[in-house]
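Letters A, B, C and D name the chains as they come in the text, with residue numbers starting at 1 for each one.
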Amino acid sequence: MSKQKNMSTNAVLLMHCPDQPGIIAVVTDFINVNGGNILYLDQHVDREEHVFFMRVEWDLTHFSIPKEKIEDYFNTLYGQKYNMSFNLYFSDTMPRMAIFVSKMSHCLYDMLARYTAGEWNVEIPLIISNHPDLATVAERFNIDYHIFPINKENKVEQEAAELTLLEKYNIDFIVLARYMQVVSADFIGHYPNRIINIHHSFLPAFVGAKPYHAAFERGVKLIGATSHYVTTDLDAGPIIEQDITRISHKDTVSNLVHKGQDLEKIVLSRAVEKHIERKILVYKNKTVVFN
Amino acid sequence: MSKQKNMSTNAVLLMHCPDQPGIIAVVTDFINVNGGNILYLDQHVDREEHVFFMRVEWDLTHFSIPKEKIEDYFNTLYGQKYNMSFNLYFSDTMPRMAIFVSKMSHCLYDMLARYTAGEWNVEIPLIISNHPDLATVAERFNIDYHIFPINKENKVEQEAAELTLLEKYNIDFIVLARYMQVVSADFIGHYPNRIINIHHSFLPAFVGAKPYHAAFERGVKLIGATSHYVTTDLDAGPIIEQDITRISHKDTVSNLVHKGQDLEKIVLSRAVEKHIERKILVYKNKTVVFN
Amino acid sequence: MSKQKNMSTNAVLLMHCPDQPGIIAVVTDFINVNGGNILYLDQHVDREEHVFFMRVEWDLTHFSIPKEKIEDYFNTLYGQKYNMSFNLYFSDTMPRMAIFVSKMSHCLYDMLARYTAGEWNVEIPLIISNHPDLATVAERFNIDYHIFPINKENKVEQEAAELTLLEKYNIDFIVLARYMQVVSADFIGHYPNRIINIHHSFLPAFVGAKPYHAAFERGVKLIGATSHYVTTDLDAGPIIEQDITRISHKDTVSNLVHKGQDLEKIVLSRAVEKHIERKILVYKNKTVVFN
Amino acid sequence: MSKQKNMSTNAVLLMHCPDQPGIIAVVTDFINVNGGNILYLDQHVDREEHVFFMRVEWDLTHFSIPKEKIEDYFNTLYGQKYNMSFNLYFSDTMPRMAIFVSKMSHCLYDMLARYTAGEWNVEIPLIISNHPDLATVAERFNIDYHIFPINKENKVEQEAAELTLLEKYNIDFIVLARYMQVVSADFIGHYPNRIINIHHSFLPAFVGAKPYHAAFERGVKLIGATSHYVTTDLDAGPIIEQDITRISHKDTVSNLVHKGQDLEKIVLSRAVEKHIERKILVYKNKTVVFN
């Protein structure tokens, strides 16, 4: 679904290809020559893998190629020639995001506060949960809330129902906001690199359940949170953002949980924002996160 | 060996015992009643384990119990009654520290700069290495440098020779400053909780060799360094201090190593300083690090 | 107004006095001898000013002195003798907090999310604003919202009306959550060290209006936020908490504002939490913030 | 003076000009077409000032334009046409750095340790001081050490003598490493944007003398250090790098100084490294610091 945010529309090109001389030139020429005004350009060359990555954003106001033909032209002119993988996005099309929650509200509130304040160019039409607890939060913000309790017996069936609902709502990507169920490989397959999770540790330390307890046991002096795209390997997908906070011997597990919550919500929101802004490229289980 | 730093001498008591009402009172009374002037007091109660930890430091100038009898008196009056484990230190006795190095100089230089500037109340009479590379550094600072090359065949023998040398130099504790050999269980047994190592990752992530390469592979957005007491479990001993620095997709492994070195030397020096100041208590593979 | 949070009630004593031997002992004895169970003790001696600060919290379940008499007994026995300044609080009495806002919602949402989740032992019955914009936020959380538009002519009158309302709601302390009006000296006089403000810079840098613009002009590489008690000197009151985030030449003023908002809400919420937990002592325009 | 570091030589172009379409293309084309291999490219557009900044580094091995003619060709072809300000550097020419010190050694040691370890592509042939204290440090590293005591009467004369010496040693830039004298406007005029200073506060807070004492008075919860190019306004020149560390009520001024020293040396060394790597562009009293 599209919603116009302002008069002018921007195009965003996210691409990668084998590194060769002249790529920046051909892409910027393509834009300039056709009347586009470049608003943003960031590039990176991985000199080990010899891969070139770029994100370029331009104003389409005077761009002579019609929106619906840009992808085709670009692919024909350069895409195949340079063996490029690319995605093209337009600012007048807002991504549609669903949030999965269980019982903890802190990440959910942080995202809904930003959404309500108009900080994010996104639509959040749907919240899914395996518990009824956060229905009142969804209600405060007038967002549809659907409950799918999960157990060993009904998991496959419930995930299928969730997928149907996500499709009905035209969801582009999913955010697991301290959602306590592990999503299946099949589910993930429907949203590759489009499910963002927050794990309450500094990955790869303390994967799996109860990382705060594990951190407490180990006697670490810092705790962390990590947001990443979900893959079939638990807590092993491409990392988008991480941060830490200092703790000491004075902190009980309860303190770690409490301090950790501030981290979790900030780290998750930063990752979601980068995704919404089309500033993340995934390559070989790692991310290039543009500025 | 003792060296008098200033006219007045302080006593430092580091203790722990089962938590009971009145411990702070009895210890502070003991000091006050006998003419001591308390300069520092920090305490912590682990309410899960019901253990009480305390560090108290006092000026002995007008203290009526002679230095050499304090331990005895204290143990008789309170030690046994409260089931205390404690250590008593005096500021006019400087700990003697040996540094083990391999080829990297950054941690060594950082410690020697502080030592030379008089920042640390310590003696550093000996540097041991498995390579000759850093002999010139030792020479710049007029510190004895002994080389013990290590391989599978000679390791037991070399460690025995090192232990003999350490004893000859009256070494109290050892700092492994990016020393690349793994010390044996027997060696560790001679210096329990008295060997400080710097590991170039945020433990427990990336234990063992090449943590920067592993961090690079995983695509983390932060790298860390950890200083800890060495135990027989590799990189699993009680953590003293940790810190991190931010990295991005732009950082090659070489960048990680470079940025990591600043972390390593600061984290190691902070840990060594806390050890010298008698501000670390080890309990169940974790540390209480007093302010 | 009181609201019982759990079965047992704790007492919190926050005190300072001229440093002398034996204070910790007399206070802990007072608690122990009368059947109290110490849950928390932290103390600090300012050796320049020779002032002793302490916060001690104990379980009153078996405490033999009735709640309403503790202050009196304590003062008679020790307060005068040691020349103590102290405050006594009980955990079954929740402080009542009013929030002042203008148009920005991020700090308000952060605090209300924590409040709703039961994180804070506080009552928030009232939100005051000089604009109508955030009325819907208050409504989402069922909190009374009163609008007092301020201009040069009506300021004195409006502040008087606000004070009347605050008194009617039994407000104990006030949080200015990016409230854009400067409160008068008279107003402050009604709530000494009981008005917490968030200033969007790292004080004392960039006091007053538009600190992000000033930071941008100066070309700093870090921006900060500071929470402090409001005094009659603008942005000069005792600092409670500060934090920073890194910026670069790539950040426009708009980016600084955006990044700054995450800082502001976290820094303000940390300060408010410490205040609610009775963990702040103000002394000579500085704060002792207990752990 | 030149010293060859490795077989291949790189060229580094640092430039800025009014923003226009096509600049990246013309510069990269210039390099590619003439056989250069681009190793590094980073650019930034200041959309408020409409200024384009770029740093590009390329391998000259197969570059067809002789080193000594590149500047001329580039200027003729593009420099004037695009109204560019640019500097061209070659990796086989190491900048020559002088360090000014007074009595504190921590920054000096940090830089000399990196220098000795071969981390920096620089020559450090000269240390100047207004005191004799650090002569032994210079001696340890075999660097010439010249003493110029400064007072009101001799300052002009001494600065003139220093400038003569700096010229004799062919010094390209100067680092003030906790040098306690204020350098004159005339002196600065000889090395515009080529004198790096470390100020022991988070500028613009606490300019001038005794910032730690001022920070202590204000009761801040963080202290900082700032490295910047020296201009005629004291502590007001373009900032290169800043960082902070956390403090609390427990920290005396002496603690602040001690914790601050770790900051100072790291912040100064980072700035010096960026300067050596030709990664800093100064524009309107601010810096663009390339990655």
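Following the convention adopted for this analysis, a residue touches a chain if its C-beta (ideal position, glycine included) is under 8 Å from a C-beta of that chain, and two chains touch if they have at least 3 such contacts.
Each chain and its UniProt protein: A, B, C, D = Formyltetrahydrofolate deformylase.
Only a predicted model underlies this, so the values are computations on that prediction, with no experimental measurement involved.
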In contact with chain B and with chain D at once: which chains are those? Just list them.
A, C
Would you kindly say which chain has the C-alpha centre located farthest from the C-alpha centre of chain C?
D
Rounded Å distance, chain A centre to chain B centre (Cα mean)
42
Centroid from C-alpha atoms only, then distance chain A to chain D, rounded to Å. What do you get?
38
Mind pulling the residue numbers of chain D that touch at least two other chains?
47, 250
What residues of chain D sit close enough to touch chain C in their complex?
44, 46-48, 53, 202-206, 218-222, 224, 238-244, 248-250, 252, 285-289
Sites on chain B touched by chain C in the complex
21-22, 24-25, 28-29, 32, 37-39, 41, 43, 45, 47, 246
Given the complex with chain C, which residues does chain A contribute to the contact?
105-106, 109-110, 113-114, 116-117, 119, 137, 140-141, 250, 258, 262, 266, 269, 291
